[in-house]
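Look at the two complexes coming up: chain A is in both, with chain B in one and chain C in the other.
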Partner chain A sequence: MTELWQQILSGLGSGFIYASLALAICLVFQGTGAVNFAQGVMATASAYVAWTLVTRGMPFWLAFVLALVASFIVGALIERVFIRPVEGSSPLVMLTVTVALLIGLQAVVALIWGDDPQQLESPFGGGSVEVLGARLTAQQLGAAAVVLVTLLLAGAFFRFTTLGLRMRAAAQNPASARLLSIDVGRMLALGWGLAATVGAVAGVIFAPTLGVSPAMMDSSLLLALAAATLGGFESRVGAVVGGLVLGVAANLASRYVPGIGSDLQLVVPFAVIFLVLLLRPQGLFGRASSVRA
Partner chain B sequence: MTLLEMRGVRASYDGVQALHGMDLGVAEGEMVALLGANGAGKTTTLRAISGTVAVEGAVVLDGRDITGWPAHRVARLAVGHVPEGRGTFVDLTVEENLTLGVLARGSRMRGQVKEDLAAVHDLFPILREFSGRQAGALSGGQQQMLAIARAILGRPRLLLVDEPSLGLAPMVTTEILRSLRVLQAEWQLAVLLAEQNARRALAVVDRAYVLESGRVVAAGSAAELRENTAVQDAYLGAEQTGRPA
Partner chain C sequence: MTGAPTRTVVEPPAEKGNEPTVSMSHALPPAPRVGLRTLSWGAALVVVLLLAALAPANVISDFQFFQLNRVITFAIAIGGLNLLLGWAGTISAGHGALFGIGAYTTAILVADHGVPWPIAALASLVVGLVVGALLGLPALRLGGMNLGLITLAIAMLLPPLLTRLDWLTGGPFGKTTPRVEAPEGLPFSSPQWLFLVNLVVLAVVFWLLANMLRGRMGRALDAAASSRVMAAAHAIPTNRITVAVFAVSAAVAALAGALFHLSTRTSTPDSFTFLLSISLIAGAVVGGSRSFVGAIIGAAFVVFVPESLGEFVEPAAAGQWQQVVYAAALLLVIYFFPRGLAGLVRQARNRLVRRRSIHARPQEAQS
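Right, the complex of A and B next:
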């Protein structure tokens, strides 16, 4: 029983990585209709920025904040430069662009920082805490808390601020939004910037666990795509819930299903994507009408 | 005082020309109709003004040449547009839809928001009652009221309204056209109303232009056009109720 509880909690811990990447993917999709396959490598670049600053002697939290700011700017710039010219194009064009971004950014990351994995020390120390009978490291707990706060802030931003409302309006009905003097292009760039920032939070705060390397986010991206599929690409809440569910599911599967070791964990997102597309293509939280072609 | 003037405006979609040199004017505080059959160019004319279709020629608002301006900048000059299809933000609540209208006024008349919201709610009580509902759940007529309310809350000086009667029952159409007339008088608006249903439109507007194939073919006061036999034969022959939804 305690063992199961332990597995659930640590699955939930990694679930926060998938939840934030899934939220980022969902923000981009809602705005520009692109499934951003580069969302993972963008978070990787953020982790490298933080790592570079920390190795130069900067305190972790300052490096964290600077990495977020840089990620926001780069995310918005990517929208301006690479997405704007193909705005409103077919899903196939969008797919090609974000896959090209993925390959391009991976090359840039390897070029700047090399292929050797690096270590970033945990800002939460090496201790561990007992939570309702299960033992969690301070890093696990702290990282989850930081991501949770980020997700809540993002939710509050969209729900309660007028800028959040304008961004939702621009994503949902751009033609009508323009008639209400909303600069839709600016809102989309903002959306990409925010998405990059949310992804960066996960990338930097989980870097001590994942290790800093060009491939650090690869499997998380797959799980995040599965999470967004599960929750529905149109639903921010759905993406987050999907991420947490997948974290737990992947962890339990690797522990209890014979034949699925941690190497085969990725069978889980594959199975989820397949089943959801088969049974409920709009996702658990999506509406049938909003499935994009 | 002329508020809007279009001179020789041409517009095309993918190389196919839809407007062939439109000339028209709207004075401040005046209510004008654009009449014409389906495909005559009414929607494109409104879109040429609000900047949602590429144009050549001259679109002049309040003495300023706004030809080629992007839509969100035209909207900031106090031009409201109730688009064809109503432009509802279906996943947002009725209240959020109206808030977007208020935000569109920018820093102009900020102190006036409470009174304006109350006035809009008095004109369309259903919007108060359904305030927390998803806008997509409203009926066609209610969404049309929402679209007008949203545009009007931006405090436009010029309101463009595209076929509000489309797909609505005659009773609802009458109610909506009447409320446009009320708004025009009470909010000091100029209204440019595109309408296929000429008889109903001529009952509420001051003047009208009749379009055919992207050109003005007749113009005059509402009374003149009601008497004009050519217009009568073409557009007033039978009671038109608009296309079905």
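Right, the complex of A and C next:
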């Protein structure tokens, strides 16, 4: 029983990575209608920025904040430069652009920082804590707490601030938003920047466990995409819950289902998706909508 | 499924953004024109074929034939992918994996069961068809773009799966098959013979696909791609044709993979990674996803660009620069030539033709 509990908790731990990436993907999708395949590698770049600053002798939390700021700026710039020219095009075009960003950015990261995996010291120290009989490292707990706070902040931002409401308005109905003198273009750029920041939180805070390498976010990206599908691309809460569910499911399956193991863990999210979509095609938290021609 | 009669019936009043394939029928009665064109292309192909294959080794070396074989097999796969990108309005991020499944099917049948290679290649085609249909069915629930997410999963899963199932696939070392030799009495080396075979397969596959797309199927796909709801309201079984097209596309990719394996003779799990799927998409977009000539252009891009890069940058970073070039090419084409390089060629040709012709084509003036 304790073991099961232990597995669930550490599954939740990695679930937070998928949850925050999935949230970032949702933010971008709601704003620009693009499924951003480059979200993972953008987070990787943030982790590298933090790693570089820390190895130059900067304290972790300062590097963390600077990496977030840099990610915000780069995210907004990417929207301005690469997405703006194809704004409002077909999803296929959008997808091609983000796939191009994925392979381009990944290569650029590898060219700048090299292929070898790097280590980032955990800011929470090497201790461990006992939670109801399960043993969690301070890093696991601390990282989960930081991501949780980020998710709550993001939720509050979209619910309670004028800027957040404006961004939602611009995403939901650009034409009406424009009539209310909302600068839609700027809101979309902000959305990308914000998404990049949320992704960066996950990238940097989980870097000590994942190791810093160009491919560090590859499988997380897949699980995040799966999580967003599971929760429904329109639902921010859904994406987060989807990420946590998949984290636990993947962990339990690789431990208890014979023949899966860590190399085939990726089977799990897609099996879950198949099951869910057979019952609820709109995703767990999505709304079924009727379509008009 | 003949093209000519349906075309005149179904064709909507010329809309903005209609593809040139549609507008072509305005200039001349379509049927004889298509036949003539097919014939002349066929004749040209045969001549090129014979000339190329009979060329002595110092003109086109066996290695160059090997390269050409890679181009042709990639072109076949990209042609299949074009069905999805250019006509069905969906995407497959897993065609590299389907290509790999075809290669492995042939490799296993030839190496372990002594099946003659043509039959093995056909078996690959069938396996591709079945896998494609199985993938397409659940993906329907997800609609259009989400199919891409499911296919992404097989692209990521295939290499570890191939490594894991070593009793079947030979694990990390893969499968090696003996060289394919030309039949007794023909003066061809192995790459030359495969070149001929591949070219014939390419011609046949593209001819079949083009005919399929020219007929009812193509119309239905175009309708469904522009508006699924409208298409459904016009009694087009949108779900069924999406699955059918996905299965056909997968079968073509698997066949291409089988031919690819016959040329390279060894298939290992890392021959069919996610990067291969990306390369195929890059080829389709760069060449032009509604053109079979574009598929060949795109395949040449995918094969030769990384190679020529290798001469300029140090080998360790060659893969990364290859990715950068793919990314840049994709973005440039998307921004500036949305119809790919084939669209560019067609535009230039139309401009030349228009000068000599009184059949001005209003649709293409807009593009």
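What we mean here is this: the second predicted complex is superposed on the first by the 282 of 293 C-alpha atoms of A that agree within 3 Å, B and C clash if a C-alpha of one lies under 4 Å from a C-alpha of the other, contacts with A are read in each partner's own complex, and residues count from 1 in each chain.
Convention: contacts are C-beta pairs under 8 Å (C-beta built on N, C-alpha and C of every residue); 3 or more make two chains touch, one makes a residue touch a chain.
Every value quoted in this text rests on a predicted model; they were computed, and no experiment measured them.
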Between chain B and chain C, whom does A:A175 touch in the aligned arrangement: first, second, both, or neither? first
Which of the two partners, first being chain B and second being chain C, lies in contact with A:A145: first, second, both, or neither? neither
For A:L4, is the partner it touches chain B (first), chain C (second), both, or none of the two (neither)? neither
Can A:V184 be said to touch chain B (first), chain C (second), both, or neither? first
Looking at the overlay, what does A:V267 touch: chain B (first), chain C (second), both, or neither? second
In the superposed arrangement, which partner chain does A:I73 touch: chain B (first), chain C (second), both, or neither? neither
Between chain B (first) and chain C (second), which does A:P91 come into contact with in this model arrangement: first, second, both, or neither? second
In the overlaid three-chain picture, which partner chain does A:T162 touch, first (chain B) or second (chain C), both, or neither? first
Under the stated touch criterion, name the partner, chain B or chain C, that contacts more residues in chain A. C
Considering only the contact definition stated at the top, list the common interface residues of chain A for chain B and chain C. none
Tell me, which parts of chain A touch chain C in their complex? 35, 82, 85-86, 90-93, 95-97, 99-101, 103-108, 110-111, 218-219, 222, 225-226, 229, 263-264, 266-267, 269-270, 273-274, 277-278, 281, 291-293
Inside the complex, what are the residues of chain B that reach chain A? 50, 52, 70-73, 75-76, 80-81, 83, 87-92, 96, 99-101, 103-104, 106, 150-151, 154
What residues on chain C touch chain A, complex-wise? 85, 89-91, 93, 138, 141-146, 148-150, 152-153, 156-157, 160-161, 163-164, 227-230, 233, 275, 278, 281, 285, 317, 319-324, 326-328, 330-331, 334-335, 338
Mind pulling up the chain A residues that touch chain B in the complex? 162, 165-166, 168-169, 172-173, 175-184
